[in-house]
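Across the two complexes that follow, subunit A remains constant while its partner is subunit B and subsequently subunit C.
== the complex of A and B ==
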């Protein structure tokens, strides 16, 4: 039996709990005022914003486990939001039609990365850097600087399958995390992804369809980023070409503090989502500390390094990968 | 006076002794060959000469004076140049950049004297009859030119002793001729040439003397004018064969007489019986590619066929072509009587044909996955499974027990295992899918004798259950002990076939190393 201690995601959960406890203590209000950080409304806010990173971080973790890297999620988020917005607001398409179209555009970005990596054999860094530029550029060309707010055209009190709008993207994140966690650990596809990341040549010799699995990984990463973009556009009402600038690095960082190794072969989908929550809490709580506003990027950078170094020390002590 | 003298040189890597008490001398201005089987210690000796390795004991004397070379730079400074077997060049630099890499001609403040280097490079290239410009990118040069470029690099540093490690393995006959003409010129200019090769005709053509190493020990130095090729081969392989076979051996099957096909009962009984397979499981006809030429062979169900050849003979390429890792230009592959052509190892595995590759680190094992997943993956892929079954854990435990792989549990990663157990794991992971044809490339490379014995047991057990086994090895005693028949490959062709009962090291070596020999 696997002991609880062996579960890799445990240390990420511990860090998240300690982080929440720290901010709850540090920001404890004087007197009887309500807690500015530790309350249900704020928790929902953290979840809502983190889910944009978290959904895409699932894809980033899978790509990283396969030994690759995807730099395009930020740009894909922006492009899909813009496409959904343009079709829904300007084109008067139905919500379902416009979001489906946006999802397909996002998947097309993933297909482009897949072709460049698997068939053209570009290094993933270069291939997805190119796709990132193209997706971002396309978003600017479509909007010509306009801004789409889908939420104001939605009927008041609109719910998705009976779920209040604010809850949809956190629930989507949790559901996707569970689905992909099971796919990665209980399905041959997930094992093939790990095998390719661990030793691509041995995977080929062992009968893994290396090209096909690699292609699926980039497609999934972009499709998940597209879902993030749609969530951003629909739930938060934002569809804008310069949105989600630099998200790709936060998304990769989420996967990495969740246990993914950039050398490939190691990582966890659930860990990546927890990583996104760790960043979400930091981004939510730091501005509430007086005078910390200008420190938040610096602290986020330090946190990445500290967590990854701690993880390495822990792995070395256990003596296994 | 001797230019180079090895004086009681010992060198070990871990527990493996690569050189033991080697002493001999190379005269100034002569061409001296160092010959021996794979693993005899030739390359180690050259690396000591070139300052890449330091001897554990003993010393190297140059012109009578003991020297301690701690870096390749020290050897270069003393006029010793080494042309490596695997070509060490900078593909991103120009020809002249490669010749002077590390010892560029510089002016004041370290400014590169490009024009002077280009001029020197032009002279050297002319001396080697190389029709290339110093500005050519090395990437675009043919292999033979790259080899000569290494010679140019050595000459640029006023090299008086030039050592070459198997320089002709990747050259065509015409290209090798060119190299020999140049080496002849250099000899006339008074350069001492040390030539490592297992191709005896080259040795006789170029060298005045030849030193034979065997198992890391000095055997004898021959004067090539007085020695025959047979004498040298005998010195290369002349170990007590009976000892190796007694330990690793099984009853040899006689291939010449009639009798029943292979069965485990007959094996245990120690009887000799006929091999010529009733049922050919694997057949190749006229297999041809860039690395081999019209190879035809048959392996029967339950038969173990050894494929012997020296490095560069095309053995690995042949196995990789069977499972679709390389393409062939012509030829047919017949599996169980049906013509097939595989485009990937996956297709081959689905048809029951598996390759256990040579390099377990690079081609075989997943060091990020547990033993359980390592063992289950190929079979699951071949079954086109979607779900990862929980029964895999007990299957893996059974496999570890069955093949006696010493591991603390199925949850550890392969890096905690010893080399021998890693090698057994590598074999076991492909056996788990129940192959009909088993291709093994150097199945006991770098493992100790005990593990070797156990891997031989695994192969025999598979053969006894009716699997056709084709074993590539450069370990001749291993093939003699393991195989029913031995095919000898040289320069991409099958040069002969010997029944194991008739084979001895000398006959096999003669086929593998000399073109004119007849079985």
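== the complex of A and C ==
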């Protein structure tokens, strides 16, 4: 039982289950009506929208564990959606070619952050703030206020490798979370990321190639944000410069409520995905509560604080056991 | 040295003066600044086209199109102030918040820059003219269309984005009409915060909550700016929305939307430039409020509307 409780993600799972249970109870329907929240269709809806944040939150968590921060995911999501849309709609490229090119553009944003952090030695906050501005600006320059309607050129009922469109991004999120969880916990690279976040100097003296590992986390973070952008563009059907405005904060918050410590060295990619789901459930359930629409930002803010405080108390308690 | 400084200052002054005469196209063109609410709202791209077409047809007018990247009131005010400082020959602005911009608009008029508003007005300011829809009346049309489609009874949910004065006015118009029909109840007013992704998410989630919903009424075009936002809406629920830019007519033809209210998107730009050019020539409009009217698009006239739209695009 003690070992089970030591699993880092368990407290996040408990919070998510409690949240779902609360809304299932609060939104319990009258009479014989079907439940508006606790049903399979709605669960898919939560997964579909959460995956846009969740995929990017995996990268954000890795950066935070390494002791850095990435403010560019929202802008990279928008830019990749726009690039994919421009090439697919205006350029008449195939969907595969246009999304691959968009992914490369996203990776280039990550490479720019990596160069600024590792070689130019800018603080990650400043470097990724700059990349955020450049990526968002580039998206505006490409669109000039227009948007690219990908959905009109996708045949109705279109599936990706036989998977319905709505399922693709949730499945991608789960697959990526599992892959990166294994990479972070079972591979030397993952341990190096945590070591750098815990104590960069000690990691350096231990033979960790700090610069290379740091560069890799920014590259991965941007590439994952690019995948989110592609998922958003394909599922939403639109590439638009103002999409995902402010999402970087929700993405970082997902990683933090999933257990990532902004001081570095601690966190989990599965936790980040669970964090994105906690937000997803809130975003889904609040519109179902009459009058809650104007309170959702306030509630989300409170939830972040409560969860992080609870997590800190739990960690202190564990430390004293 | 003193002589050099004086010459330098004189040179700079001449350069500044010359710049205000030359404008973007040079040769003494009039420089009109056209400011949308935001660069990221698709409808404004048509206003830009309209303004540039009108300017090109006049020959002696250059349009400077600049606005905030997103719906940021302070950024819009900063842009307006920068054009006053540049002393452009005229300003046409769609106000995010007319009251917030009133003092700045008055300052532009006081320093002799003609200023007109389009799409969203600043009625308490000294602006010389406004071109756009009467938002209150347009809101009433939305409400009346909903009541007709619902047969006078049912539940409706409203979609808005809190903060813009013109959207508030439309919402007021909708509520006025619905209040006259006691059997029509508003179950919720959703603030989608100008985010079309959030709009789609809310529509899907609220459809679970209110499967028996009679109608969605949107005072902005967010549900019809994308093809997928209304995917979760069941066939029995009506959708009445502002804005008719593509892909909205396709959604109407597909039966996902029942009524659309279109504005004079190209006219926002072209009429604003025409008004400013007339004012510069000493010709004031007969009335400061120029109601552009709205296009009510239904399945009955959508084909004609699409043909007219294509003609406008090709013009």
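The rule we apply is simple: the second predicted complex is superposed on the first by the 317 of 321 C-alpha atoms of A that agree within 3 Å, B and C clash if a C-alpha of one lies under 4 Å from a C-alpha of the other, contacts with A are read in each partner's own complex, and residues count from 1 in each chain.
The criterion applied here is as follows: contacts are C-beta pairs under 8 Å (C-beta built on N, C-alpha and C of every residue); 3 or more make two chains touch, one makes a residue touch a chain.
Source: prediction; values computed, not measured.
Chemist: Could you classify subunit B and subunit C on subunit A, in the superposed arrangement, as clash or fit?
Modeler: Aligned on subunit A, subunit B and subunit C fit with no clash.
Chemist: Quick one: name whichever of subunit B and subunit C touches more residues of subunit A.
Modeler: Comparing touch counts on subunit A for subunit B and subunit C gives C.
Chemist: Which holds for A:237: it touches subunit B only (first), subunit C only (second), both, or neither?
Modeler: Only subunit C; A:237 stays clear of subunit B.
Chemist: After superposition on the shared chain, which partner residues are touched by A:191: those of subunit B (first), subunit C (second), both, or neither?
Modeler: first
Chemist: With the C-alpha centre of subunit A at the apex, what angle separates the C-alpha centres of subunit B and subunit C, reported to the nearest 10°?
Modeler: Placing subunit A at the corner, the angle measures out to 120 degrees.
Chemist: Output check: A:205 vs subunit B and subunit C. Expected answer is one of first, second, both, neither. What do you get?
Modeler: First partner only, subunit B.
Chemist: If we overlay the two complexes on their shared chain A, which of subunit B and subunit C does A:41 touch? Say first, second, both or neither.
Modeler: second
Chemist: In the superposition on the shared chain, how near does any CA atom of subunit B get to one of subunit C? Answer in angstrom.
Modeler: 28
Chemist: Need the overlap of the two footprints on subunit A, from subunit B and from subunit C, as residue ranges.
Modeler: In subunit A, no position sits in both the subunit B and subunit C interfaces.
Chemist: For the complex, which residues does subunit C have touching subunit A?
Modeler: The contact residues of subunit C facing subunit A are 36, 38-42, 44-45, 48, 69-70, 162, 187-191, 194-198, 200-202, 204-206, 208-211, 225-228, 232, 246-247, 250.
Chemist: Provide the residue numbers of subunit A that touch subunit C in the complex, in ascending order.
Modeler: Against subunit C, subunit A makes touches at 27, 34, 36-37, 39, 41-42, 45, 49, 52, 136, 140, 144-147, 149, 151-152, 232, 235-238, 240-245, 283-285, 287-288, 290-291, 293-294.
Chemist: In the complex, go through subunit B and note every residue touching subunit A.
Modeler: Counting only subunit B, the residues touching subunit A are 325, 344-346, 349-350, 355, 357, 362-369, 373, 377-378, 380-382, 385-388, 411-413, 415-416, 429.
Chemist: Any idea which subunit A residues touch subunit B in the complex?
Modeler: 2, 185-192, 194-195, 197-199, 201-209, 264-266, 319-321
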